[in-house]
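Have a look at the structure below, then the notes.
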Amino acid sequence: MIKFLIKGILRDKSRSLLPVIVVATGVFLTVFMSGFLKGIFNDIAELNAKFNTGHVKIMTRAYAENKDQVPNDLALMDVKKLLSQLKIDYPDMEWVKRIHTGGLIDVPDSFGETRGQGQTIVTAIDMLSPGTHEVERMNIKKSIAKGSLPVKQGEALISDEFAERFGVSLGDKVTLFGSTMNGSMMFNIFVVSGTLRFGNTILDRGAIFMDIRDAQLALDMDDAASEILGYFKVGVYDDIKAQQLQASFNTKYSLKDDEFSPQMFRLVEQEGLGDYLKLANSAGTIMVFIFVIAMSIVLWNTGLLGGLRRYSEFGVRLALGEEKKHIYKTTIYEAMLIGIIGSVIGTGMGLGAAYYMQTYGLDVSSITSNIGMMLPSVYRAEVTPSLFYLGFFPGVIATVLGSALAGFAIYKRKTSQLFHELEV
Amino acid sequence: MKKIFMLFVSAIFLISFTNPNANVILDKVDKNMSSKNRIFESEMIIHGRRTSRTITSISYSAGNKQSFIEYLSPAREQGTKMLKLENQLWIYSPSTDRIIQISGHMLRQSVMGSDLSYEDMMDDRKLNDIYTANVTGNETIDGRNTYVLELIAKVDNAAYHHQKIWVDTERFVPLKQEMFARSGQLLKRTTLSDVKQVQGRWFPMSMVYKDVLKDGNGTEFRITSAKFDQKIPDYIFTKAALKQ
Amino acid sequence: MTQKTKIMLALKLAFKNLMGAGLRTWLNVSVLSFAFVIIIFYNGMIDGWNRQSRRDTQEWETGKGQFWHPEYDRYDAYTIKDAHAPMSEEIQAEVKKKNLAPVLITQATAFPQGRMQEVIIKGVDPEQTVLKLPTVTLVPSGDIDYAIIGKRMAESCKLNVGDRLLIRWRDKNGTFDAREIQIASIFKCDVPTVDKGQIYLSLDVLQKMMGMSNEVTMLVAGNGFINKDLKNWDFKDSAFLLADLDKIIQAKKAGGSIMEGLLLIIALIAIFDTQVLSIFRRQKEIGTYIALGMTRPQVVGIFTVEGGAHSILATLLGAVYGIPLFLLLGKVGISMKAAQMTDMAIAETIYPFYSLRLIIITIFLVVISATIVSYLPARKISKMKPTDALKGKLQ
């Protein structure tokens, strides 16, 4: 019978195409939007993950204990070896090294002597190696106020406000003065390739972003980094996986009697983000629930409409001697088939779109005037396991329910009446 | 009569031994420690939490207003120069060929991760100019007899409200120095040793600075060569010399 | 029929039809009402957060604005050294009237358990009432120097009430000084910027410590302070002092509007769909209206009003469960304990704030959008042949 029904569905476009499209669209919306809603609620955690905590973060224990003071003398050493080992041990993570420090930016006059000087926060990320995701992750391109990304070693981005204050133009050379990992004096000249807007007062007043290699050389940190951040390649934080990762890493690498051995921290253990995530998730779940209900109503209507359209067909079938029960049954089966086909298509499309939005995100900065690196401006979807089955509730159940209700009318109506409807 | 005489002698002895004029002592110390100008070659050993570093340098100073330091090693530091004139400080880095002026608020930062700030390095006024001294006792340090002096700041802008200083009774060189806050809290301790005679004066060739509030082993300072009252050309104390 | 009775008739018909449709209408209405309630709720929550954070920041830190020493810059610790000046007699009088709270700021190093930490020390008048800081506990007794700190600072330095802490600072001449202070109380405050890395001492004590008798770094204006011009002091208004908070709120609202948009779209799709269905099912009725002499636009109007009426019902339904819910949440608040340790100024409990403007705008938004989506399928009516419609012929 199912074969027969499938044939019917395939051949009768009005019976199949439209409902399937509607169901698929509905399910698509449900799946996609549910993925999106979580992302919206998690924006603050997401921002922190990118700039600060990673999905997991590796620091030396001594560094972690004093991390508010950015104690670069306690940074991780032997980073190359550690990174290549990490890449082998945990291939589903992306590992990046970063350096944070502070210093002074000194703007020279035409004689090379100090014209202006300001405090600065130094952030070094991998900007230049091919295939790096760091630029995108930090939303740097969108936050550029003037100029462009560094394209070669020795170029850097500085705060737009700082540049304005000290009259620094693109292409100018500024000197970064600070201290190396060992406490020696550090001088380094950078060419300003562009300026940045952060949306955060402290950073806007004085920050410099440079390539990690430049920082390593300048700070005498050739094979060292302040921290190594790990990001799940799938794009979203998964606490269960992070816990396993942490346990396995710390057992292997963290030594009790060496305060400079690396130690891994999860996102939820940093900056009070764990509780924040819980809150965001429960808010997201409520929203998804409402969403599913709403979509169910829409699809139920579709089922109903599909059933109603076919009253005259039922009339004919009844007249031909088909049993009411049989008609009803086939209607339900048909609805189920349509529901399943539509849900599968919709779920597939929804997941695809959610994956896409997980990777690229929706940029709202242009409509909200929130242009700044430190403000949530790109909303990403999150592909969670629930998305795989979520769409089937409205897709199958609501469609079947709608058809069931519409079909129920078959029992209410008299054969003659249904047949009559055919005449008109 | 004999008794009275003994009493008299011992009284004189006591007075002369326990209460030598503190200012005289300080004067003698200053004579040893200060000079019209001086050229030091030295190494500074900075103990970090992880590693220790040795930095060698040559410094020229005249009076307490002018000084010029050139770092000789390690390679990273080589050629870095610092010039201090009055209250201003410039640093030259050969790698960037830039002269950077260190403004007032930065002067309190530590120099190269040591227990000394730029300001500490710059403040080399004579003790007698800053403090009023009192002898409070005698102690022995490493087998040397010392006067223990208490110095109380007589100027407003002394870095420390008072100090305790142990001065070798023969050589008039301080062997230990403790710096206190107004509240009486001990802040820093300097131990000086390896006292040698240089150009007729006694001079401690090794010093250890320790910030007692901070964990760590302090900063060692060893003078490998000291020359006093030399002919230092004037151009050394100019910004032009930084770039040479 | 006059225009008014026509509209009344349309509305009456609409509601009758809607009620007739029973369960489906109510489901549509509930979904729309969810959207309606959530939009109000979310915005109310953000507004509540905003208001609370502003209020907290003002009560704890910024007052009705601050007068800064021209050298002072809150984001540049290096400026602190030179940013202090004596209070004029005029200012002292205002301080006495508790219209201004003087604050002297200095940098220092604290040594909790042998560790070294840079801190900012703020000297505040124990008798001030402009800021909510529990400064009364700073009133000296004996020769103990009392200090107050915030919860975050207490946690990061592992300090409790009664504990002693060694601090080292340099007075106005650069002379080092150090002494132990005793924690008199630990305050709990939602504004991280008054808490992290800061220690509060009595103004007199700090002035003595620094040798800066009668000098302050800034003056915080209280409610009673109207004259916004103090010579030699730069006035910073709330817009300036709260700029970072404004940015976060704005960003949160942007995120919220996407979510609200999605929700509303879903609800509207449901109405659109229902509208398509009902027009399809009720062709005979449509034919009858036209046969009875109604113009097609009039019929379109009836159906549009009917669809749009969902929104009115949704508003009413939303009010039925929304008002008690909002009142309850407004009273008990929403726990934000979770976000407390982050760097945002956020209260432990947020009490949503629902402004009349918010409610009216939301109603307007829901009704207009529901009416538009109801009109779209109803346009089809104008293309119907009345005869076919009357017959109920499927189109």
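Every chain is named by a letter (A, B and C) in the order it is written, and numbering of its residues begins at 1.
The rule is short, and it goes like this: a residue touches a chain if its C-beta (ideal position, glycine included) is under 8 Å from a C-beta of that chain, and two chains touch if they have at least 3 such contacts.
All values derive from a computational prediction rather than experimental measurement.
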| item | value |
| --- | --- |
| Label of the chain whose CA centroid is most distant from the centroid of chain A | B |
| Pair joined by more contacting C-beta pairs (A-C or A-B) | A-C |
| Length of the line joining the C-alpha centres of chain B and chain C, rounded to whole Å | 58 |
| Rounded Å distance, chain A centre to chain C centre (Cα mean) | 26 |
| Separation of mean Cα positions, chain B and chain A [Å, integer] | 59 |
| Where chain C touches two or more other chains, by residue | 78, 115 |
| Where chain B touches two or more other chains, by residue | 106 |
| Residue ranges of chain B touching chain C (in the complex, touch as defined) | 104-106, 108, 119, 153, 156-161, 179, 181-183, 185, 187, 213-215 |
| Touch list for chain A against partner chain C, complex | 29, 33, 36-37, 40, 43-44, 48, 66, 68-69, 119, 199-202, 205, 271-273, 275-276, 278-279, 287, 290-291, 293-295, 297-298, 300-302, 304-305, 308-309, 312, 362, 364, 367-370, 372, 375-377, 379, 421, 424 |
| Sites on chain A touched by chain B in the complex | 62, 73-74, 104, 106, 108, 112-114, 117, 175, 177, 179-180, 182-185, 187-189, 220, 260 |
| Contacting residues of chain C [partner chain B, same complex] | 78-79, 81-82, 109, 111, 114-116, 166, 168, 170-171, 173-179 |
| Interface residues, chain C side, partner chain A - complex | 24, 27-28, 30-31, 34-35, 38, 75-76, 78, 115, 117-118, 156, 197, 243-244, 247-248, 250-251, 254-256, 258-259, 262-263, 266-267, 269-270, 273-274, 276-277, 280-281, 336-344, 391-394 |
